[in-house]
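As structure tokens, the structure follows; a few thoughts come after it.
For reference, chains read A, B, C and D in written order, and residue numbers begin at 1 within each chain.
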Amino acid sequence: MASKSFYAIISGAGSGTGRAAAVRFAKAYPVVLLARKPESYNDIVDEIKQSGGLAIGITADATDENAVNAAFETIKKELPGSKLAAAIYNVNAGFSRKPFLELKREELDASLDAAPKGFFTFAQKTLPLLLESVTDSPHPPSLIITGATASVKGSALFGSFAAGKFALRALGQSLAREFGPKGVHVSHAIIDGGIDTPWGKGYTLNNGIAETYWHLHTQHRSAFTQEVDIRPYVEKF
Amino acid sequence: MASKSFYAIISGAGSGTGRAAAVRFAKAYPVVLLARKPESYNDIVDEIKQSGGLAIGITADATDENAVNAAFETIKKELPGSKLAAAIYNVNAGFSRKPFLELKREELDASLDAAPKGFFTFAQKTLPLLLESVTDSPHPPSLIITGATASVKGSALFGSFAAGKFALRALGQSLAREFGPKGVHVSHAIIDGGIDTPWGKGYTLNNGIAETYWHLHTQHRSAFTQEVDIRPYVEKF
Amino acid sequence: MASKSFYAIISGAGSGTGRAAAVRFAKAYPVVLLARKPESYNDIVDEIKQSGGLAIGITADATDENAVNAAFETIKKELPGSKLAAAIYNVNAGFSRKPFLELKREELDASLDAAPKGFFTFAQKTLPLLLESVTDSPHPPSLIITGATASVKGSALFGSFAAGKFALRALGQSLAREFGPKGVHVSHAIIDGGIDTPWGKGYTLNNGIAETYWHLHTQHRSAFTQEVDIRPYVEKF
Amino acid sequence: MASKSFYAIISGAGSGTGRAAAVRFAKAYPVVLLARKPESYNDIVDEIKQSGGLAIGITADATDENAVNAAFETIKKELPGSKLAAAIYNVNAGFSRKPFLELKREELDASLDAAPKGFFTFAQKTLPLLLESVTDSPHPPSLIITGATASVKGSALFGSFAAGKFALRALGQSLAREFGPKGVHVSHAIIDGGIDTPWGKGYTLNNGIAETYWHLHTQHRSAFTQEVDIRPYVEKF
């Protein structure tokens, strides 16, 4: 049975990983889904409700500070008195595969907006809330970040995407070191599984990722994981 | 209720991590504990039995190929028809902290015997058995390796210990790439938690490690983790 | 004797590393120094001229695309017919050491502007020029990037600085893979030496860095280095 | 003109990298070449002598402690009063590419003998000599280690080779941290260039590696490099 006094939030709920994480965390908490368009979360909100869970979709662009602020105001009204147990930053944008000299500066900007900048805003909103939950949340309050192979390897033609993902990982490492000792578990997952879609071969991968995210959230603070890789058994690495 | 048709084996069962892993896996499988001395496993075998589990202790030095072969002969007799679901290599030895010019060659040998050489023997015995379980084991057959900070960082005065741990990690990576596509999950855990003892501050850390090992074992093959770090929230890194 | 048909350019010439690199490369090429303020390069331009070298200082903020474009127009006029042999991106800005919840979004922006964004502009201007020099430059045309410990480790309280430096490294890796096969040598140096100043203990470190940058530039294309660390022998790591 | 009061030693002089390093260091020092068979060094000793240099070949298996001890006794007689300026460990052996379950334990042993064990003996003999040279050698006394891609990546089917190379890197890191502050420069080079032979495509790569080794040796102690990668510009990475 889900605790109503704590909730989870997922930014970037429109992707397969975001959807799977929402379903998994909804078994324990009301979940808030942030996405740029209602189409991205409507189905999954319905699915969670039909399974007896509680889910709220909020339209917000993770790279727009004001929209994110407004989202947290909405949460206060919709879930009065509820505290934050887990926050997942799962925003993927700014993906370009092209020769460097054909890249536009806007493409780099899009990657940096979606990764370090969007996460910065999300983390500044959620970390104070997670700190407030340290004493009484059912599991250590958690901030989980979705990374990719491009978080640790700058491949040819993927420079702008990797720039954002590397920067996101830097922030995650730094926050893990600063907030871990305060009882908030910050962890970063390197997903190595090709294109992430809600259908097709990504489906079981996403369920597997969601189970690992849940495991990260439930780790006792005597045994925190900062970084984990997740890939299908057939993926070459 | 534990499945009797599959068992788990833990080499290096005498340490806190080994004991905690044995207790955790015993909730699902009969467990075989390998250690150099009966004192290392007697208590834990009793504890598991009193909890309704099934545990077998076998005296064997992981660095002695004949002793390891004999251990697997014993297992065949003690658990007839049972198949291997999970194997954990948790042997720690060869730890020396001293100036390099004071190190004896025997100290390097001890580290290499306990880490890459002992693991090599263990992996050559267990991987064929794990492959046989791919089609019907309750979770993907798993080979889990206990590493340490010294697996990824060669600190001053810890050269011989790090040499063994680096080499062990190399084998783990290689086997993950070779056996993952065949359905066997090989993973390596970097434990960053200081001295590992069954008592004192290590106690909850070890339970946390054991939970994460169990999670690794239960990961669906669509979402395997090859490497994970585990440390107490207060540990500086 | 310096070749006049090829020149080198250093962005971020005001720091100790930038000055030392300018002096070293001026032994072989005319050097162009970019810095935000004339005070940052006036002395070093004079010093190079007095040693019989050729140096041009241009005021330009590396994060301002128009200013960088204007700088390259100036170079065309000042060094007509001269081709680019080496480009060094040595811009350091956006350094903040503070608790994450006290960071302003502007501080993250400053780090991203100075590191990935400024480098992106610099690389898009210099790579086409470096490609033109592949067939006839005295050494493989080179793009060298100054990194820091924060390029590979996100320490507590250094998140925004590390975000920029990680992203810069991602771009460097990606460009090395894309442009190396075309004959342009892209390399990244991790400087681990504390605060970089033109005076005091940084002085000999900077000369050493400059020698290593020159070595990177002169590496034959059969033996390119992509990444190198440089630190004083007393630095703990 | 070569200094006769200091010499360099290269263990594993029979490979292309060893030969190229010998020729490069012979421009500055008498060089001692260790190899298992005289055929491995006879030509190169002649070549160095014909160029006006001084070279001594000694037959010794790097994995045989007694043979290495005897080699250093020979050096004392052949180069009386000469001090050690640079030592290069370039031994490659134990290379096997095969499925793990077909590997013999002897193949792992060969890799560990050639890499960590042979280097351990070499380092214990050379580090005391290098320490004696700190005050007066022309460049910081240096211990340089030849690694490979397998030093940082455990690929499928390369487990035993990677185990040795990982362990060698661990020792190198540890010694850099211990002996750097004492003025001895320990560095590790990751060579990413396929099969290393004295002929064919490896030829220019080896000359390039030798130049980089010489640069490492001549780095001022204010700017030591611990690790460097070296690869042909066409190599995919």
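The criterion applied here is as follows: a residue touches a chain if its C-beta (ideal position, glycine included) is under 8 Å from a C-beta of that chain, and two chains touch if they have at least 3 such contacts.
Owing to the predicted nature of the structure, the values given are computational and were not obtained by experimental measurement.
Under the document's definition of touching, what chains do subunit B and subunit C have as common neighbours?
A, D
More than half overlap in residue numbers between the two sides of the subunit A-subunit C interface, or less? Answer same or different.
Counting shared over all numbers used gives more than one half: same.
Which chain is most remote from subunit D in terms of Cα centres?
A
Just how far, in Å, is the C-alpha centre of subunit D from the one of subunit A?
The separation of the two C-alpha centroids amounts to 47 Å.
I'd like to verify one number: the distance from the centre of subunit A to the centre of subunit C, where each centre is the average of its C-alpha atoms, in whole angstrom.
Each chain reduced to its C-alpha mean, subunit A and subunit C end up 35 Å apart.
I'd like the Å distance between the centres of subunit C and subunit D, where a centre is the mean of that chain's Cα atoms.
32
Going by the touch rule set out above, which residues of subunit C reach two or more other chains?
Answer for subunit C, listing residues that touch two or more other chains: 177.
Please list, in label order, each pair of chains that touches.
Taking the chains two at a time, the touching pairs are A-B, A-C, B-D, C-D.
Touching subunit D in the complex: which residues of subunit B?
65, 99-101, 103, 105, 108-109, 112, 116-117, 120-121, 123-124, 127-128, 150, 153-160, 162-175, 177-179
If you look only at subunit A, which of its residues touch subunit B in the complex?
140, 177, 180-181, 183, 185, 193, 204-205, 207-209, 211-212, 215, 218-234, 236-237
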